[in-house]
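The structure appears below as structure tokens.
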Amino acid sequence: MNYHRPTSFEQASTIAGASDGTIRFLAGGTDVLVQLRADILTPDDLIDIKHIPGVKDISRTDDGGWRLGVAVSGAEMTEHAELSAEWPGLVEGMDLIGSTQVQGRATLAGNLCNGSPAADSVPGMIAAGCTATVTGPNGSREVPVEEIPTGPGKTVLAKGELISAITIPARGANGGDAYLRFIPRTEMDIAVVGCAVNLRLDGDTIAQARVALGAVAPTARLVAECADAIIGTTLDDATLDGLAHAASAACSPIDDKRGTIEFRTHVAGVLAKRAAKIAYDRAKGASA
Amino acid sequence: MAEVHLWSGLRSLADGKEMVEVPGATVGQVLDSLVAAHPGLEPALQRGVSVAVDGQIVPNSRNHPVDPDSEIFLLQKLAGG
Amino acid sequence: MALDGQKTAYKYIGTTPDRPDGLDKVTGRARYGADISMPGMLHGAVLRSPHAHARIVKIDASKALALKGVKAVVTRADFPDGLDGEDWNLQENCMAGEKALYDGHAVAAVAATSPLIARDAVKLIEVDYEVLPHVTDVDAAMKDDAPVIREGAADFSVPEGLHPNVVRYFDSGRGDLDKGFAEADLIIERSYTTEAAHQGYIEPHACLGQMGEDGRGELWVCTQGHWFVRRMSTAVLGIETTNIRVTPSEIGGGFGGKTTVFIEPLSLALSRKTGGKPVKMVMSRNEVLRATGPTASASMDIKMGMTKDGKITAAHGTFRMQGGAFPGAPVDVTTMLAFANYDIENVHHIGYDVITNRPKQAAYRAPGAPMAAFATESTIDELCRELGLDPIDTRLKNAAREGTRATFGPKFGPIGLVETLEAAKTHPNYSAPLGPNQGRGVASGYWMNWGGETSASVAISEDGTVTVSIGTPDIGGSRASMALMAAEAFGIPYEDVRVNISDTGALGVNEPTHGSRATYASGLATIRSAEDCIGKLCKRAADKWGIDPEAVIWEDGCAKPSGPNAGEFPPMSLAEIAGEMGSTGGPISGHFEDSPAGFSGSFGTHVVDVEVDPETGRTTILRYLVVQDAGKAIHPAYVEGQFQGGAAQGIGWALNEEYIYGEDGRLQNPVFLDYRVPVASDLPMIDTVIVEVPNPGHPYGVRGVGETGITPPLPAVANAVREATGKRICNLPLRPSRVLAAIQGKG
Amino acid sequence: MSKQHITATVNGDEVEFLCDTRETLLDCLRDHAGIMGVKEGCGTGDCGACSVTLDGRLVCSCLVLGVEADGAEIGTVEGIAEGEKLHPLQRKFIEHAALQCGICTPGILVAAKNLLEKNPDPTETEIRYWLAGNLCRCTGYDKIVRAVMDAAAEMREAS
């Protein structure tokens, strides 16, 4: 295994493009090293992107959003007071991944590129409307986060391409987001189901919403039917039931050691309701 | 003669008896007398049994004394974690 | 059966001083299994079968041997033929012969100059497998169409007509069941299952073996019992037992799982093949979960009858247990202890030991008892519920006490079940208010404990301290307990006692730290060795004073004349006698060896409150209380620690821990991510009450406390979930999907 | 097989070693630097026995490559005491019987020290969640949590 330490994304892209074997980009390493240790995958070229300038930065964008470097760890996000206040759901999603120790290393981009349908940070990013900057041999482009994963362990990234930043849109007024996941224990598990809700209020009425589900399909997905079920409502009980039905209907999960189809489908609805209520309360709080 | 009580799985090897009276001044002598009286019990005893003499389990102690009026129970072999 | 007059007033016993090995263990200095290294050391790695059941047609290691740095490969061909019984089972489990019997079964092992090269080499070994049909479930393995795992594995006890996978059969009981059930006002019958749980010690198995061409050598290993390791490893290798000296390292948890061998004989075989180079082997977590012994899984049918005022009239239990590909599921103990909490006239147990394509089970904390407790204590809870009876009062009504004829035959001596029930009943947790979706569960449990072969020495040192040498590795603070007992026996400060865990070359045979025996048996041996020393110390004083040794007594750490008639001499302290030892007859030490028969069981009663999320089926433990009889708590903090640890393991087994096998017979969750032991945020504080009903068979009244604590949690948690949800769930673990299905009426 | 030359600071001392790119920081600390207080319980970041600080951040050393540690500051259990003076956490762990077998103790001490540096007055719940990645199979966590709370209280009083 060759270890590379590029100092620019262009250089990282060139190394990746020139490799004849398997390559992996190394940021937090919390997935790559597990695969290495378990003999699932030993890359021929491992490209450590932590030494590229700016990858540890959390900065405001011109329109009031946030730009996160690809080596920003979960712990650094959680410790960032302004970011946490504006996007508590997105930050919680990241914070739920693994232990305190894992939080010291794991990154949003890594969680996204690992391609797990159960990745905890991804529904929150999708609901928030985040984009990923993809840098490759032909320069850079912005890609909505929901378009990055294409199936378990698979992404749209072509050879020589990598994510060079994550952009979170401006929070704006009267908005709130939340992410909930279901696990059997209180910590240290992979999500059996995850659900993120991001919404904006006009008075007491939900004016805009995005709802994303994790671990119930081959990729985390944006569920328009869930958003439609709550837009224009004040989140009354009937609406919540409608949301739960829409969430359950959007599920096409698998049976595996972590959960059954029936359980995941049911719990997706439960979490959608609970996350929507939290997001709604946060938006109310933001507008109060 | 000490009373030796057999668990039900052993009774078929001892002519259906629940209790057998055999001579012996030690656990070892009692077990030997038992096999002499009921040879069918030999494989079970060889596999290993625990012996309780008057309520006390006496592992690995063939020399443990047995009184003429002692009450002896054969128990399944014990282990621990 | 008191061995001696029992002490009741203590100076050191019952205090909680710092453990002697504490400093090493908080500074990172303590050396565990994987921390031992030697010059010229090689590193071993094991190739394991990916198949649950397969004939090994051919093994080609030529490519591995060609890799630079690889020094040796061993397969079963390197081990002797002709073993039988449990020795053969051990050998077959350490290294597969004609067939791989489970996913993870060792097929070959490599020694190389680095761990990475050893792991690379393993991947280069080519094995031709002929995959065979497999079975991993106990009920499926007993069916007519189940694949036969091994012909001729059954012993004399198995009745005709059963599947060859049934390898042992147990049948015990007494009284008249028909009469007993006829006397009942309510009879409940239920079937239950529990899944296999792993001991989950955080330290993977590790050893360093060195053996020359002459078949002599040494082994350093993390183990609960190094004499067991010596006997088993040498049996597997077909060499004389004492050819190997075994030294135990510190041990990072065992819970029964480190009372046998897996990699130890392999490291010795590899070492011999490399001309005597030391070979270190360290398992990965994946190997630990796939290839070492979890406990058995169980399928059980219980029928119990009760009168409307709460008297149990009859009990019948059938227990089917699989312990992997070899005989040994602890169904013998399961059947013995199933109903042992209670005074029941009419009782019957049937047990089946069944082999499957899973790893060979190993002992796990009260082996066999928790499964049975889950089934029987759940059934009693259901009887109480239907008859409107209080679960503690009902248990008190039926509780075994001194003089009760146990369901397994003999009469109980002094025991503490009643005391634990009474203490639980008056504890504030039993009357704490409960909210919606919350429930309280009660269960009792028992472990009969063990004495076992024990040998110890105590030496007086020239500086006035004493050194205790025992043969039971310290897993949970037992050095502190030994030092307290020695301090008490000698009447010298705790700080003046040193405790040594000796290797196999320094003491007679010792059984492992298992069966809740270390504090009881090694403690007894320490006290008796001290008394042996004290006799010699008194003799030295008597010689100095020129009086009869019989006229000298030992009091408060000093030799004193026994009375005015003996003469007027100032007391001589241990330190004074020790200081002159070299010129008064030489070293002084005391010894003791026995298989002590004075052990006595420990009963416990647990009370747990849970809350169940009605929409997801997830269970949260709100409060937990352990009440258990310790006989006499030597170091109460470590006694509490045993209670709390046992409860936590039992909670894990009840809620989320399980072996999950796929259709392909492979273990789906050989990683802590998915083998879900409780984490810190899963548990509340675990309240404890130590009950002390002294054991007359120990000088200070000690009962072993290590194992009982894992027995009540399985039914206690299930009973609490029953109250919180209104649903009786008879299958563990109580994973959320299962609980939710029950709540939704689909269970 | 070419190896990389790594220079790092471990518990304040400069340490150099050669490592294969596939070796983890855990492997390097144990096998090349002789730092044996770092334990391997799982190798996959699930148990916390190998916890160290990397430039002040709590991490599992099994999830860091040795080559990544070049130039880094690493803290292990061996660096917790100041000379002969034990850290309050170390004393409280002994005093509260917060260890039984002791294999998880080094990782838990490193993690708990890192917590108290960030939060000198953590609640029981905060301690339990902070330590959720440090498995202990012996104690049921009760005495560990109590020891951390007691050490925190003592440190607050002393400061």
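Going by the order they are written in, the chains are A, B, C and D; count residues from 1 in each one.
Just so we're on the same page, a contact is a pair of C-beta atoms (placed from the backbone, for glycine too) under 8 Å apart; a residue touches a chain by one contact, two chains touch by 3 or more.
Values in this document were obtained by computation on a predicted structure and should not be read as measured data.
In summary, the chains found to touch both subunit C and subunit D are A.
The mean-CA centres of subunit B and subunit D are about 55 angstrom from one another, to the nearest whole unit.
If you average the CA atoms of subunit A and of subunit B, the two centres end up 68 Å from each other. Separating the CA-averaged centres of subunit B and subunit C is a span of 26 Å. Look at where the CA atoms of subunit A average out and do the same for subunit C: the two points lie 44 Å apart.
Multi-chain contact residues, meaning those touching two or more other chains, occur in subunit A at positions 37-38, 186-188.
Within subunit D, residues 22, 43-44, 46, 129, 131-134 each touch two or more of the remaining chains. All chain pairs in contact, by the document's touch criterion: A-C, A-D, B-C, C-D. Those residues of subunit D that touch subunit A in the shared complex are 4, 21-22, 24, 43-46, 48, 51, 54, 57-60, 62-65, 67-68, 111, 114-115, 129-134. Contact residues on subunit C toward subunit A in their complex (touch as defined above): 119, 123, 284, 286, 615-618, 655-656, 660, 668-669, 671-674, 676, 678-679, 681-682, 735-737, 740-741.
Listing the residues of subunit D that touch subunit C in their complex gives 20, 22-23, 27, 30-31, 35-44, 46-47, 49, 76-78, 80-81, 86, 90, 93-97, 99-106, 109, 124-125, 127-129, 131-146.
Partner subunit D is touched in their complex by these residues of subunit A: 1-3, 26, 29-30, 33-34, 36-38, 42, 46, 48, 50, 73, 75, 98-102, 104-105, 186-188. Interface residues of subunit B, counted against subunit C in their complex, comprise 5, 7-9, 18, 43-44, 47, 52, 54-61, 64, 71, 73, 75-81.
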